[in-house]
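Some structures to go through are shown next.
Below are two complexes that have chain A in common, paired first with chain B and then with chain C.
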Partner chain A sequence: MNGWHVPDDLRAAYLDGGLPEAAAMSVEVHVASCQGCQAAFPVQEEWLEESWAAIADVVDRPAPRPLTRGLTALGMPEHVAVFLAATPGLTRSWLLGVAGALGFAVAAAHAADRSMLVFLAVAPVLPLLGIAAAYGARVDALYEVASAAPISGGRVLLLRAMAVLVAALLVTGAATPALPAFTAAWLLPSLALTGAALALGPLLAPHRASALLAAGWLAAVPAGREAVFGAPAQAAYAMALIPFVYLGARRWNRL
Partner chain B sequence: MEPTLTVRELTRRFGRRTALDRVSLEFGTGVTGLLGPNGAGKTTLIRILATTLAPDGGGVRAFGLDPADREQRRALRRRLGYLPQNPGVYAHFTAFELVEYVAILKEMNDRRARHDEVRRVLAEVDLGDRARTKVRRLSGGMRQRLALAQALLGDPDLIVLDEPTVGLDPEQRMRFRALLSRLGESRTVLLSTHQTEDVTTLCGRVVVLKAGSVVFEGGPGELAARAAGRVWLTTAPPAGTYWRTPDGRYRTLGDRPPEAVPGEPGVEDGYLLLLGAEGVPA
Partner chain C sequence: MTPDSDAALLAAVAEGRLEALRVLHHRHAPWLRARLARRCGDPDLVQSALQDTFVAVWQDAGRYRPSEGAAGAWLWTIAIRKLVSALRGRPAPVAAEAAVTESAEDLVLRAVEHGDLGTALNRLSPELRAAIRATVLDGLTVKEAARLLGVPEGTVKTRVMRAKAQLRELLT
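Showing the complex of A and B:
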């Protein structure tokens, strides 16, 4: 040290933010190595503590899961993304199962003289399988712990079911171009069956509600493409969705 | 004792079996131990108090809140920490992620505050250095401590623990008791256990359940006093149930065997005599 210290007027100008950048940097370099000047500069303890805590948080916290990162990149609030990444129904095995079932259905559509009835029958059932695996004592290892939390029950089921539905719709949508001809007739039945599973879930448990609806749906499909996928049927699916969408929007906003 | 938690005429049946039969109790600040043999109704009572099971009859009030009402139940859950008998884990999560997930279920939405809280509870159970370890790589005792950590999130006023010392080694059990003892100074802590040692060292009050009914309620000293004059030490094996003591003598409960000298009664003696355990006269 050469015995020089930051003069009072220079320190005051620095603290006011009135120094040119080069002069401010010179002051900082000196203060960093001069204990006398460090003591003369006021320190905001609260700010310092907060800053260190913020740095510690970034250094300490584990890296977010890839799914969490993806969801936050899409604009989802971070806590909702962390929550959804824990959805049992969104695990790799379920997604692989969905892809496999759709692959089979696409192959069946090509083999059966451009009849896409198998694909149309299978696609709406896939979200139901995900919902069955999304929440409940049999499928969620943390079910008992989660049941005693403020956010539990129907709200957890709804949020997870939405995540499962979106994943199933994306995979099914991606499979559609592989069909012999374009069809979106599976979309509204998928949504309506999901809504019905959510409505029945609290009464029957999600896995029972999903099994019941899937069985009913697969029993109804042989009635014929027009009866199950025609315009009147599609209109009925759309009408059935309205109360589910309303209730869903209300609950979604509460997490 | 100012009651923070009141149970009135609580009844719960599973099919034809009555797990709880018109149980009435009051709990205040401090640690209360719930003792009883398997099937006595401990877990049923714990689950009802933790709001994960609804009773068939009677009611609960905690901090003036009635869990039968949906909104009040939610308000109560904000003040509740719960460790179930089989807490379960997501094995592919890290310790940090698992506790953070429960923190989100407890409405801790702010990331920084949530992370700080997760770190705090992990440090409380001595798992601060295991935050990044996958749960599948943790030992049984560590998993039990992890489950306890999630129960401490949000500094709850009511802490309900179902057999929390299972799987803990003696040193961990001692640390755990110190932690619960500290928590019990200002909170209502209820723990079910098979370990009478937990009760002796930790609990200011004991409730003993048998076949769905309360058969004892009082301090550990009172439970031990029930065995006064019924604990005996002999140099030869006596009739009935007995066990060897470290000094090579035989300890038995009940009527005085020939040439026996009186032994010091403990909580376990009082408990066994109360229940009329096999070979031990009630």
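Showing the complex of A and C:
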């Protein structure tokens, strides 16, 4: 600089707050750009190390996964978002599974005289597959970790089921325009089946409940398009959803 | 640019080198802390503003342009704004000022040392001085200064105007 530096007595007066404003301002402006005067400020080693440790702790934290960031941006609490994104391998596997099965169903529906029965039969089952794959000792590599975590198994299942459902509905919904009218008919049966799978949660492991319901559903479909997807049947699915939603909400609040 | 200059260290931080941030922290934290403490009497708020400052440096070191001035001045602009946001609407607790007991002799000496402007500045009331300090020296906007001082924006504007008028009067 220009040879002038903050004298020791001036710095001491500055540090103890007794320096008149004009002098303090001149000290501050000089110190901001003079390395020697910056270094002359007294350092409490202990404070400096503690202060650095706190910063390093924040800075060194792993960056959140893109999925976690996206979910928090949508307003989801951070711990839930981290939890949902914690098993990316699993997420990919069921998402791919759902997409693959759906693609197959769409192709089949187009090949077979556009009856759509295949699509309509398969679409509601897809979220069930996802739920079966979402939780349980058999499929989850993190099952033991999750069991030990301070979050109940039921809540884990519901959270993952909800994630699966949203993803499956988005994928299936995206495929719907690929087919002509009548295609939204899968939605209510799908929700009803999912609700039933969750309601069976306390009685049956998710993969058993899902297998049972899927088998029942596929057995019922040959009864005919009108019987399975017609207005009365749709109304029944909607009615069936009500207790499931109620049960789910009650269990959620208890967890 | 020597390898341990502030500019080189900031460039290294921008590349994600934690060690460079550590050197910067050890070099700048002490004086930044003292300067923040003059503007806020609550040591916890000062500490948290200081921490936020270096976290922000970690994220934004790439924005520093050596051509725009010393790194220390750049760090200060971040630190003072972090202090303003750490306050979250509360006024800054006034920094404890040691009683200034100056003899007549000291006053005369100081007038010689700092000239008329220094004397004039020191004769401003503490409120007017704080307004000048926040807007002129710290370069805060009127809005930020209002948050720092805990007064409405209009009041900051009036105080800055009054302070300037008073300085003009004292200097002519």
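To be clear about the criterion, the second predicted complex is superposed on the first by the 177 of 255 C-alpha atoms of A that agree within 3 Å, B and C clash if a C-alpha of one lies under 4 Å from a C-alpha of the other, contacts with A are read in each partner's own complex, and residues count from 1 in each chain.
Methods note: a residue touches a chain if its C-beta (ideal position, glycine included) is under 8 Å from a C-beta of that chain, and two chains touch if they have at least 3 such contacts.
Treat the numbers as computed from the prediction; the structure is a model and nothing was measured.
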Please determine whether it is chain B or chain C that touches the greater number of chain A residues.
-> C
Have a look at where A:20 lands relative to chain B and chain C in the superposition and call it first, second, both or neither.
-> second
Give one of first, second, both or neither to describe whether A:55 is in contact with chain B, with chain C, with both, or with none.
-> second
Could you pull out which residues of chain A sit against chain B in one structure and against chain C in the other?
-> 54, 60
Of all residues in chain A, those that touch chain B in their complex | 53-54, 57, 60-62, 65, 77-79, 82-83, 86, 140-152, 156
Under the touch definition given earlier, write down the residues of chain A that touch chain C in their complex.
-> 14-18, 20-26, 28-29, 31-35, 37-39, 41-43, 48, 51-52, 54-56, 58-60
Spell out the residues on chain B that touch chain A in their complex, using ranges where they run on.
-> 50-52, 74, 77-78, 80, 82, 84, 86-91, 93-94, 96-98, 100-102, 104-109, 111-112, 114-116, 119, 131-132, 147, 150
Chain A-facing residues of chain C, complex = 6, 18, 21-22, 25-31, 34-35, 38, 47, 50-51, 54-55, 58, 69-70, 72-73, 76, 95-100, 110, 113-114, 117-119, 121-122, 124, 129, 133, 137
